[in-house]
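Questions regarding the structure given below will be posed in turn.
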Amino acid sequence: MVKVGIVGATGYVGGELVRLLTRHPQAEITYLVSESYEGKTIGEVFPHLHNWGNIVCQKLDVEALAEKTEVVFLALPHGVSMDIAAQLLAKGKKVIDLGADYRFDNLAVYEKWYIKHTQPQLFSQAVYGLCELNREKIKTANLIGNPGCYPTTAILGLAPLLKSDLVELTNIIIDSKSGVSGAGRGLNLGTHFPECNETLKAYNVGKHRHKPEIEQELSKLAGEEMKITFTPHLIPMIRGMLSTIYLNIKPGVTLEQVHRLYQEFYQDEYFVRVLKPGVLPETKFVAGSNFCDLGLALDQDSNKLMVISAIDNLIKGAAGQAVQNMNIMFDLAEPRGLDYPGIFP
Amino acid sequence: MVKVGIVGATGYVGGELVRLLTRHPQAEITYLVSESYEGKTIGEVFPHLHNWGNIVCQKLDVEALAEKTEVVFLALPHGVSMDIAAQLLAKGKKVIDLGADYRFDNLAVYEKWYIKHTQPQLFSQAVYGLCELNREKIKTANLIGNPGCYPTTAILGLAPLLKSDLVELTNIIIDSKSGVSGAGRGLNLGTHFPECNETLKAYNVGKHRHKPEIEQELSKLAGEEMKITFTPHLIPMIRGMLSTIYLNIKPGVTLEQVHRLYQEFYQDEYFVRVLKPGVLPETKFVAGSNFCDLGLALDQDSNKLMVISAIDNLIKGAAGQAVQNMNIMFDLAEPRGLDYPGIFP
Amino acid sequence: MVKVGIVGATGYVGGELVRLLTRHPQAEITYLVSESYEGKTIGEVFPHLHNWGNIVCQKLDVEALAEKTEVVFLALPHGVSMDIAAQLLAKGKKVIDLGADYRFDNLAVYEKWYIKHTQPQLFSQAVYGLCELNREKIKTANLIGNPGCYPTTAILGLAPLLKSDLVELTNIIIDSKSGVSGAGRGLNLGTHFPECNETLKAYNVGKHRHKPEIEQELSKLAGEEMKITFTPHLIPMIRGMLSTIYLNIKPGVTLEQVHRLYQEFYQDEYFVRVLKPGVLPETKFVAGSNFCDLGLALDQDSNKLMVISAIDNLIKGAAGQAVQNMNIMFDLAEPRGLDYPGIFP
Amino acid sequence: MVKVGIVGATGYVGGELVRLLTRHPQAEITYLVSESYEGKTIGEVFPHLHNWGNIVCQKLDVEALAEKTEVVFLALPHGVSMDIAAQLLAKGKKVIDLGADYRFDNLAVYEKWYIKHTQPQLFSQAVYGLCELNREKIKTANLIGNPGCYPTTAILGLAPLLKSDLVELTNIIIDSKSGVSGAGRGLNLGTHFPECNETLKAYNVGKHRHKPEIEQELSKLAGEEMKITFTPHLIPMIRGMLSTIYLNIKPGVTLEQVHRLYQEFYQDEYFVRVLKPGVLPETKFVAGSNFCDLGLALDQDSNKLMVISAIDNLIKGAAGQAVQNMNIMFDLAEPRGLDYPGIFP
C-alpha cells in the first residue's frame, strides 16, 4: 500500500483526491492537511465521504507529514506549493503538485504569468504530468507538475497532429468551455448561484494563465515554437470541460486519415477514447470518470479541422490524472483506482 | 459469479443496473434485453459505459434469457413485468422486479391504482424488497417487488417510529421532492428542459400511485391500518429525492429520545445513516451512492417532529436497492458492488 | 411623478426596485444609495439596466435623500433600517422598509428573533404591507413593513380560510420551497454554484424568522392565537417560491366549497389568481411578474386540504409588492408599473 | 393600432410574440393560429399570459386570417410557411416569416440545405430582416425573412469589420453557444432534462443550416464571396446565445481602432450595445430583452481579434426582432413595445 498525504484536502480537487484514494486498492491515506478545517474529520467536511471519513484534518507540519507518507499531493493555490514541495523532496518524498508551480520549464514564463518563484532550481527535475505523453519520465520522477484542466483537453486533443503533416501549425484556435467547479471552492460573485446559473460568458480572453502552459507543451511536441489562441468560457454546470479546437487542414487530407492517425496514436491508452468519425464527445459521458473523449469533424468548405476534447475537469483535469501519475510512479497498473465509468444521467 | 440478466436495460434504471453490475465483483451480466435498441451494444446506447459495453442488446426471448441467467432484473413499465416474471419463475429463475407489479399484497389495491393483474397467485411469494426491513424474507425469496423511490424514503424515514410510543400515527404528512430522472427516459412536455428547468411544482397531489404502496408497508409495520398524506414535487435537478415528513409528537418526548431510537434501529445498517440532531440531510451527499441519510428536527412550538430522508432516486430508490436485494438473495456481503461514496460537488 | 429613493440599490431586491421603477410611468428614481458601489452608475453595477442606468450610487446622506424624494424604499439587512426609517419619517417622508424591522406588532417577538430594536415607538404607525389584506391601512400609512417572501405565500394562501368554518386552525403545516436568489447577493458557501446546484435541502427547520411573522398575521386574521409548522427548503433555481400548505378539512366540506370561497375572497384582486380545481400552480408561470397563483387540492382519504401558493420571491415576495404598496399609498392605480406577464420559458 | 395575426402561436417563439404584442402600445393581436391547441385560449396554453389570454387559438383559415389582420407573423417549421406567405401576400397582407423559407436569395442554396421551394418567385421581394443593416428595405417590404438566431449574433458581430481594412476576411471562425429553448418546444431525447442538463456538446458541426445564411449575408456586406467556419454548441440554460468570433487582425491594428469602428457603426442603434474595451458580454444581461451586446478583445500574441456577441435567442434572435421589423414596416418608433430591460438575476 502506498502511503499518501494530501495537502489542501478540503477544496474540490482535494475532496476528489480523498474520494479516489480511499477507494484505491493499493493506496492508503495516512495524512490530511487542511488549514481551514483543522481538527475536523474529512467526513464532517464532506458528508458524502462519511463512511470513509474518520481521518482528521491537520495543520501543515512538514516533519510529521513526511514521516507518515511516501508521496504527497499538493492541492493548493499557486505560489503556496513551491516551498512545501522543496521541503518534502529534501526528505526523500515524492511530490505531485496539482497547482502551477512546477509545470513550467522556463522561469521567466512562470514569473510573467504568476509570481516570483523561490525554487527555480527544481524546474529541471519536475516532470509535466500529462501521463499519456510523458509516461517514461513520470516513472522515475520525484516531482510532478500535474497539468491544468484546460491544457489537458488541448494537449491531448492536439498531440497526434503536431508531428504529422496533416495540418498547419499556425492559426490554431482553442475555444474552451468549463463547468463552474473549475473555479474552485473559494467564494466569488462570479460563482454565486444566481449570477452564474442560466448564463454564459467568456472570461480572461487572451490572458488566461493556461495559455502559456498549453504553448509550452505544444511547442515541445511540435519541436518548434507555437502560438495558439485560447478563450475560456464559464458554463452553468458543475463538472465537465470541453474544448473545440480549430486547425487549418492541408489540401487533400481527409477526415479518415486524421481519424486513423488519432486511433494509432492512442491505441494503447486506456483513458483516451477516440470516437468514430461523426460522433462528437459530450461532457456528460466522461463526468465522474478519468476518461478523455476525442471527436473529429471536418468542414471541407472552409478547410477547417475541428478536434473536440471532453474531460471531467476535476478528475482527468486534476485529481484523477494525479492518481494516474502516482500509479505510474509507483509502478502500479495505470488504471488502478480509476477504472470505472462516470455516472449518467 | 452470479449470472444476471436485465430486461429494459436502456432506460435510466436499466442503465444504472448495467453500470453497477459491470463493476460488481461477484456478478456478471450475461443477457441484456432492450426492444428499442436491439442489436446495439450497451456502450453505443450509453457512451459512459463504453469500456464496459460490448454486450449486445437483444429482443426479449424468455427461453434464451432463462438459459443464460440465474437472476433477472425487470426494469419495465408496470403491467409489462407480470407475465415475464411468471415465466422466469416457472423456469426456476429468481426475479427482481423494479416496477410495481409485485409490490402489493392486495389485488384490489393494485387493480384500483394500476391495471388488471394477470398473475395474482404470485402475490403470496413476492417479497417487498426494502432490504433493511425485510432482510430475512428476502434471503429466501424468488420474487422481489423492488420498492418505489418515494416509498423508500418514506418507509425508511418512518419505520423506527411506528412501533414506538413517541408519536401519533395520524396526521402524518409526507412532502416529497424528486429530481427529474425519476420521471424516466420517455419524452414528455413536463420533462422538456425549458419547461422543467428553473421551476417548481407539485404533481399528482392526492393521487400518486406511491401513496397506497407507502400505506401498505407502514400499516404492516405499525400493525394497524394507516393513512398518510403524500405530495410529490418535481425539482429542477437530475438526481436526488428528499422527503420531509411531519408527525405529531407526544407530549414530553424529546428530540434526543427520538434520535436514540433511530440510532438503535439502524445501528447495524450500512446504507442508512442517521445524522446527528440538528444536522439535516441533503441530496447532494447521497447522489451517486446507495445511502439513505436521515435527519431529525423538532418544532417544540407546534409539537411537530420532522423526519427528513434523502436518497439517490436511481440508486437506493431503484437500481442500487435491487442489487442490494440480489446480494441478500445470493448470500453475498450486502454492500458488495455498492460500497462507494457518491460524487461531490 | 412620485419621487423615489432606494437605499440598498445594488442587492437583488434593490436591483429589482430599480428595474421596476425606471419603467413605472408615474414614478421617477431621484436618489440611489449603495455603500458598496458608491460612485458607480447603476448601469455599471447591473449591465441589464445599461440603457436606464445613468443615475449614480451615493453614500447614505439622509438629509440629501430626504430633500430629493417623497418616498424611500429601504432594501437593507434587518437592524440597519430602523434608524434610517425614523430619520426619514421625521422629515415627513414615506418609508417602505423591505426588511423585517417594521413588520412586527410586538417588540418582544421582534427582539427574540432578531436584535434589540431602537425605535419601538414606531411600531404603532407601521403597517404590514400585504396589499390584498391591509389595503385600507396602507392608503394612509407613512411606514410600511413590506412582508417577507415566505409569509406572502403563506398568508395569501391561508387568508380566505381563517374566518371560514371549513378547516381546523391547528395542525397547519407550511412546507415551503425557495429559489436561491432569496438568499440575497452576499457570498456564502451554501449559495456557491457547485454546492447548491443539483441538490436539495431543508434549512432552519423550526427556527426560520419568517415563522413568527406568519403566525402574527394569521393570528390577526383568525382572531385567535395561531401556531403553525414551517419548513423552508432551498431549490436549485434562481427565482420562484412555492408553499405547499396542509390543513385538516372539516367533515363534509368539498373542494368546490373551498374553491368558491377563494374565488369570492380574491375576486377583485388583480395580482392573486385562483386556479381552477385540479390545476396546480408552478413557479415558472409567475416568475418575472407580481402575481400570486393559488391552487387547491383535497386528499379525501386523509381529510387534508392542500393549498399551493406560488410567487416570484423577488417581485411579489419583495420589490413588486413594495411598488404595489407605493401605488396604494400615492393613490395610483394599483397595478401601475406591474401589469405585465412573466417570461416563459 | 396595427392588427396582427400569429400563425404557430403556441411554440416558444409564438409565445414570445404573443407576450410582446399583447403589451405593445400600438399593436393588437386579432388572430391566433395553432393547430395543436385549437379551441383553447392562449391563457390556457401559456398560464403566464393568463391575464392577457382570452383570445382563442384557431385552425389555419387564410381567408379569415387575412380579413382580420394587416400583418401576419409566421412562426412555423421551415417548408410550412412558403405557401401561406404567398396566399397572404396575394391578399395584400404584410408577412413576417420567422422560419427560413424567405431568408435566401439563391434558390439552389435554399434547396440544398432545406427542401424544394414552391414559391421561389417571391425571393426577389423578400427582405432579410436584420433591422440594423437592412432598415431602408424593410420600411417598404411586404415580406420579411426574419433572421435565424445564430446569424443575428454573427452578422451583427461582424458587420462593422467587413468593409473596414482592419481584418482578413478568411479564416473567420464562429464558435456559438445556445440555450436549449433554441431547439424549440418539440420533444426530443437531446432536450430531455436529464440528458441535456449538466452537460455540454457541439452539434451539427460543419453542417448547421445557419452557416449558408451567415455566409450569404456576410458576402453581401463584404462585397465578395465569404466562407466561414461555424460550430454551434448546446448549453444547459433556457435562454441566451453567445458567439465567440475569431478573426486575423491586420498588422498594427489596435483594439482601440476596432472599438472606435464599432462605436461609430452602431452609434444610432438602440438595440446594439458596444461594450467598453475589456468588458465582455454575458447572456444574462440581455436575457429577456431585445438587446445585442458586443464585446471586443485582442490576443496580440497570435494576432487574433475576438468579437463576442450575446443575445436572447427568443427575442433579438426571433420574436423581438420580428416585432422590431413590424415597427419599421408600419413606421412606428423602432423600440416600441421592446424598450425594457431584461431580468436579472
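Labels A, B, C and D are assigned to the chains in the order they are written; within every chain, residues are numbered from 1.
Basically, a contact is a pair of C-beta atoms (placed from the backbone, for glycine too) under 8 Å apart; a residue touches a chain by one contact, two chains touch by 3 or more.
This is a predicted model, so every value here is computed, not measured.
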Higher-contact pair (C-beta pairs counted), A-C versus A-D: A-D
Taking each chain's centre as the mean of its CA atoms, the one lying farthest from the centre of subunit A is chain C
Rounded to the nearest Å, the gap between Cα centres of subunit A and subunit D is 39
Between subunit A and subunit C, centroid-to-centroid distance (C-alpha), Å: 46
Could you pull out the residues of subunit C that touch at least 2 other chains? 12, 181, 194, 197-198, 236-239, 282, 284, 287, 345
Which category does the touching pattern between chains fall into here: line, ring, star, complete, or other? complete
Residue numbers of subunit B touching subunit A in their complex, please. 12, 15, 19, 22-23, 46-52, 181, 198, 238-239, 270, 273, 282, 284-289, 291, 293, 339-345
Tell me, which parts of subunit A touch subunit D in their complex? 171, 173, 175, 177, 179, 194-195, 197-203, 205-206, 211, 227-231, 233, 235-240, 242, 244, 246, 248, 280-284, 287, 295, 297-302, 304, 306, 308, 310, 345
Where on subunit A does subunit C make contact in their complex? 12, 180-181, 185, 187-189, 191-194, 196-198, 236-238
